[in-house]
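Shared between the two complexes below is subunit A, which has subunit B as its partner in the first and subunit C in the second.
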Partner chain A sequence: MTQPPFVSIEQLSVDFRTRNGIVRALDKVELSIKKGETLGIVGESGSGKSVTAYTLIGLLDAAGRVAGGSAMFDGMTMTGASESQLRDLRGREISMIFQNPRGALNPIRPVGKQIEDVLLRHARASRQNARAKAIEMLQQVRIVEPEKRYWSFPFELSGGMCQRVMIAIALACDPRLLIADEPTTGLDVTTQKATMDLIRDLTRERNMAVILITHDLGMAAAYADRIIVMQQGQVVETADVKTLFTRPAHDYTKKLIAASPGPYSELDDLTAVTNGPADAKRPRRVSAADPGQQAAAAANKFLLEVIDLVKEYPHRQKQGWQWPWSKPDDADSGFRAVDGISFQIKRGESLGLVGESGCGKSTTSSIIARLLDPTSGDIIFNGQNLTTFRADQFAHQPQRSLIQMVFQDPTESLNPRYTALDAIAEPLKRLKKITAATEIKQRVEKMADLVGLPQHLLTRFPHQLSGGQKARVGIARAIAVDPLLLILDEPTSALDVSVQAVVLQLLDQLKTELGMSYLFVSHDLNVVRLLCERVIVMNRGKIVEQGLADEVLRNPKQEYTRILVDSIPHFEPDNL
Partner chain B sequence: MPDQLLQIGRRLLQAVPSVIGIVIISFALTRALPGDPAVYFAGAMADEESIAEVRQALGLDRSLVEQFFIYVSNLLQGDLGLSLNTGLPVLEELLTRLPASLELTFTGLGLAVLIAVPLGMLAATRPGSWIDHLCRVLVTAGVSLPTFFTGLFLIYIFYFLLGWAPSPLGRLDILYLPPPHVTGFYLIDSLLAGDSETFWAALRQLVLPAFTLGLFALAPIARMTRASMLSALGSEYVRTARANGLSHRKVLFTYAFRNAALPLLTTLGMVFSFLLGANVLVEKVFAWPGIGLFAIEALVASDYAAVQGFVLSMALLFVVVNLMIDLLLTLIDPRVSMSD
Partner chain C sequence: MKRFLNHFFYVMSENPVTVFAFSLFILIILTALFGPWLAPYDPLATQAANALQPPSLQHWFGTDHLGRDVFSRVIVATRLDLGIALSAVALSFFIGSALGSAAGFWGGWTDRIIGRLSDTIMAFPLFVLAMGIVSALGNSVENIIYATAIINLPFYARVARAETNVRRNAGYVMAARLSGSSDLRILATQVFPNCLPPMMVQISLNMGWAILNAAGLSFIGLGVRPPDAEWGIMVAEGATYIVSGEWWLALFPGAALMLAVFCFNLIGDGLRDLVDPLRRT
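Presenting the complex of A and B:
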């Protein structure tokens, strides 16, 4: 075996110039890939997985610099190659697909043309047959009506379709190495599975090597042959999939594996590695199936009752000019985002609301949070019908403080000009009408303690806080006004798994301590199962299935739920 | 494409309320001006009686509402009234002067675009380089120097000190005859007539005022080009294009610039309307016989019909230019739909 490996990265170090001096992004990274092999690179944000790929392909941005070591591709040194040499290789020998496919495509160029650009650049087609070849590529990535889609713009296609187009572009010139950088982040689970299966099939057909960069251990387990785990710019472990999951060697790998929620994991297991075995540190979550508990709940009235909720959106403006005062045509009923759903939440109960994007789960939660008016239906909250108030006036009602939300993106949902203290104090001032500065400060500090946010961080601005800390601020802000119902809209989807584990545990602990009810909106059944007793599965505005969370996840009765459950990439060490 | 024609028609209809508003406002504004045209035109020696006579002759003794309806009904017949200053119909005055203003404005805008867009692109592709600094200096100069100052400064240097430029007195030196009227643009007309001598003479007259306007227009265009190119170059689709090994040219023009051109076009529409305003001063400085000069003279004399006509034509021009920019945007950007 004197032949050099197909791709080898040796002792690669990369520095980034930042305002605070030089930061080492990669530290002596070693990896190699054989022909036709799929290598998974796993790690949390900032671990250097993307930087590794960008260095290999020569796309490091201006602030980055290779400080040592080398990256070789098929006997050629990529780290010292000239830009024009690299440009010839990119797209022809090595190609790349990115996350957020819609943003990664030129928004004002037909997708077919974008495929042609690559074909023409690498002389894989002539002007005469480029179009036919582009359509053929669209066909290969299983896009229906490729002739028609050739002229589509990215905004006219779904996220999954855009990623297919990206794959078509990446594979157009038959490269020998494909780098997939979080290719399915932001896509629905079923779309995610279809996309990953497509990548696997197409790359196997062509005997291509693949670097799959992901934060999702389950996905790496399902699609990679070998996995390297990265942490803070270093490779901490390299192993084939089976070894990695059955006998993880490094503590960080163990921590990551534990923190990834699987179909059978419990909340305490998530941080078992860091905290030691979870021998009933906290009282076990009481299952709602417990008959005693159920009787007690029945005696208690429901906290929230949703009855036949409908939200209709009018179709886009009809063709032709209309008088502004003319009534919309009754016969033409619009699109029903929420189509007659009913459910209840008991006091102290958590209900999971699960479904893919566009299923109506966010609309439902916004209506319950009274940020949006329903078309019809009732919301009985704490004995009062909330639909009697208009959404734009609900902020003045005393019930406003009783229903609070925790939003999806902890960064976007905090005002960048407010310190953590200001953010948490805001609802106290607005809803509780507390004006005394000392009282506000006292309350905020209490909230910070409750959510485990160190008090010295309270004076910091969002950009000075980590993702987990921002999530805590978001939660503290929501619970500051003593709500009875907390609506959690994908509160952990923007967080790393290890942070997610801690936040989930915090939420569970707060629920028992404060006796709140949760409406947990998520696309991830495994996460929902950890926090909720009951779960509702929605599809196209309707409830498809509901029941106890464990039950629904393990024995789905409906076809749709089964597909949803099956699509979640997960690792079961026994089945590897 | 009948669908698109329908959209264009609808977009044109949307302009109607603005035009109606402009008619009302221009009427009201001119009446609110200080000064009494009757006194002005009756002359310095006039007594009460002759002023009243003039006032009656001008129809100014009627109520404002009456005057307005007379104005509107004349307007509907395409009659903008008589200019008291020149004694000619306002419409005729505007039509003969408009080409002069447009020739100047378009040349100025064209110059600005030709300089600013490449400059902004170069600055965006090489941030921190000398060209980026040059761009910044020019932008600052363009913003901070008023047009009348730039105009006088250029005249001082190129006419008075160096003597390279002809005397800043209108569109053509008195030695030349204007070319036969076809478009009203001297440059084009002289070329059509095959009269290269007149062409060069007209061009020599045009250079200084056009540069004065151009420097003014350059600043916002260069700044916008630089900013939108920077954001396009940092975008994910440009990263994709680079990851696919597309040539530098293709990445820069097809991927980055076409996207950057969208906000740029919107800016161009705004800059054009600034130029219409700046024109008035530049025409005054260079004695350019455009509608700006005409408007100043009318304003001084409280020449109602002329001022109204000027405001109205400027507003219409503005509406037309923005309409064209909207249409262009829909052609370039598939996401823009005019029905919204």
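Presenting the complex of A and C:
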């Protein structure tokens, strides 16, 4: 007689009630997990991976309803269980790590107390020893000085530390199943690696089963034993890691694998569906500009020259009113977000700016886009020094239209009250001073064609568009005024991999068609490499390393760059 | 326009309470517009022989101490009360939200000055301010409107400041800056419209409050003066007769007041849903 699997989901269907009728979020999902196994659930946004996990622990949204099938946990049916039964299971038997660790922690309670709460709730500790146990948990998740951190509030901890506390809470009662829902989104790559290694070590020690929900195939490959691929509420493929990456059976899996950039993939490969891993790589596209462009470049060597740029933020205590008897700040002049960097961009060239959050790359790009004033330094753009104009007056300068920017979050960068047409028309009205409605409409339609946005979508509001479509609107808006330099601030980090692939190709194509220069800001060296010839690695406001993109990625000279490159999870089928 | 109508009907169909609130609102507006024609009697005509009659078929709400028909007076008073409330709220909305969004958008000294100013106003009792204004400028309805508007200013300023503050560094604001828009244009076309949904809730709650304020001020004899029909005065006049058993004098204008305030409090959520683009699909 075979033992029933530890977790099994059979024929599970879930419906959601929405304004436009009932939407089927899960359609006959089947999966099972053995004890101590790590199952990766991979899929793009909206594929139903989170809904599967939420249904399993009975945390389905009020609009959702189980329409059929069942979810079993260790012989117990979870889909029909009462709320009190489920409440007892959550935390003790099954626990969960959420996407946004800072948001999942109570902001006004010391983190140690929050660990204690779980221990006390499930009677794993008494009032007397709860504190000792909580400190022990903090120690286990490798937090330095656990006694001190016990009293820290979430806002005093970094994102990675918060996620460690979340892990401590999740593991406090020795659950047998851990659900990690995109546990590292929003964390830096190096933090991501540390966090994932920690989860793996701790769960192996305790022989726990793990469901790892992620959109990142590289991460699933590195940390899961078995992977299921979901698409539109259906499981399209289930396989162990090696089989999945060497012999993907379903077209969608192939598409996903192709779209995830690795250290050796080419831009064209991203959307090409190949059968199995392609062994013969096509030659790298010629990165040298054609002769005509070279001549132009020689005539005016640099499009942008940044010389010794510094941005300093004053210390917080110095702002506002102070007690007359409070001690003045020690002599230091403030925090240097950007600390004396210099670089150049040639005409038609793409430069990548890589670094972790807080390294000053976004500050640099904002200064170059003239949204921020530098503390000192010069920006020579097209032969003119831009730092002579103040940032809040730059809107009226003729150079405004020549430097444009594409933002990180396509949703957040579009005004929710403006239709796609209004959004793209805005810079045309302001900078090109076009007033005739018909001409604007024509121009906008031309732009929409250029970025591959279907024209009937132009009347829609941002929330009615998909992530990729919003990204296209953002790009169309930026290129509508014919800029010479386009600053791309992590333009794809909020997008699914397959959409990212298409957007990257679009950017590459636009660059050759329109002859723009790019400053591509990103934390992902693999992505930067696809689009840029040269790359600059930044850390703590300084340039750590610069050189040709391939060179830096494959033979990093600095220790920091090497850690950065190593931390990116990627799958190499041959090494599995 | 068609889009808006569709959206309107969707919001209505989603929430029966909103339908109720909007119908009540329309009823109140109609009463305010056509009150003088709807009223069966002249609200000012005294009939000494008919004084203090209890509710009957001729006089639904009875008659007051001068023999005036309470029903007619309640209906006719709608226009005055609604007028005071609307103009006071409109005034404080425009001035308050302009100040508040300026404070939230530019921060720094602008914020500090406007913030302290609104704190000061907030700490000032309405009735004292109203008495001050009335004694300085004379007892008229306009002055009561100004007093109510000034007292309500800080609430709009605060909501607008908070809403603007979280949006001033939003991606679309940066994008507008790149599009060559000036600060003022960004504030007016990008930031402020997105602050409207929470402001709408504030407006509707404030409308009810403003009606109560107007009634309260006329209760103590400021603003509207007898013999004009106004709910607050009617309650004030009727209050003296409750002891002797003539309850209808105070009850019916009081009920009308309550109904109007109730309606405005309910309508807030519906209004927010109407102006929020995210509710559209």
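What we mean here is this: the second predicted complex is superposed on the first by the 536 of 576 C-alpha atoms of A that agree within 3 Å, B and C clash if a C-alpha of one lies under 4 Å from a C-alpha of the other, contacts with A are read in each partner's own complex, and residues count from 1 in each chain.
Here, contacts are C-beta pairs under 8 Å (C-beta built on N, C-alpha and C of every residue); 3 or more make two chains touch, one makes a residue touch a chain.
Predicted model only: the values in this text are computed from it and were never measured.
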Practice prompt. Once the structures are superposed on A, label A:91 by its partner contacts, choosing first (subunit B), second (subunit C), both or neither.
Written response: first
Discussion item. Looking at A:396, would you say it contacts subunit B, subunit C, both, or neither? Reply first, second, both or neither.
Written reply: second
Practice prompt. State whether A:269 touches subunit B only (first), subunit C only (second), both chains, or neither.
Written response: neither
Discussion item. So in the superposed three-chain picture, is A:463 touching just subunit B, just subunit C, both, or none of them (first/second/both/neither)?
Written reply: second
Discussion item. Let me check the overlay on chain A: which residues of subunit A are in contact with subunit B and also with subunit C?
Written reply: none
Discussion item. For the complex, give me every residue of subunit C touching subunit A.
Written reply: 10, 170-172, 174-183, 190, 193-194, 277-278, 280-281
Worksheet entry | Contact footprint of subunit A on subunit B as seen in their complex | 10, 13, 235-237, 239-248, 250, 254-255, 258-259, 262, 332-335, 339
Worksheet, complete the sentence: Listed in rising order, the residues of subunit A that touch subunit B in the complex are 57, 59, 86-92, 95-96, 98, 100, 103-109, 117-118, 121-122, 153, 155-156, 166, 169-170, 317, 321
Discussion item. Taking the touch rule as given, give the residues of subunit A at its contact with subunit C in the complex, in rising order.
Written reply: 19-20, 369, 371, 392, 395-396, 400-401, 403-405, 407-409, 412-418, 423, 426-427, 430-431, 461, 463-464, 474, 477-478, 481
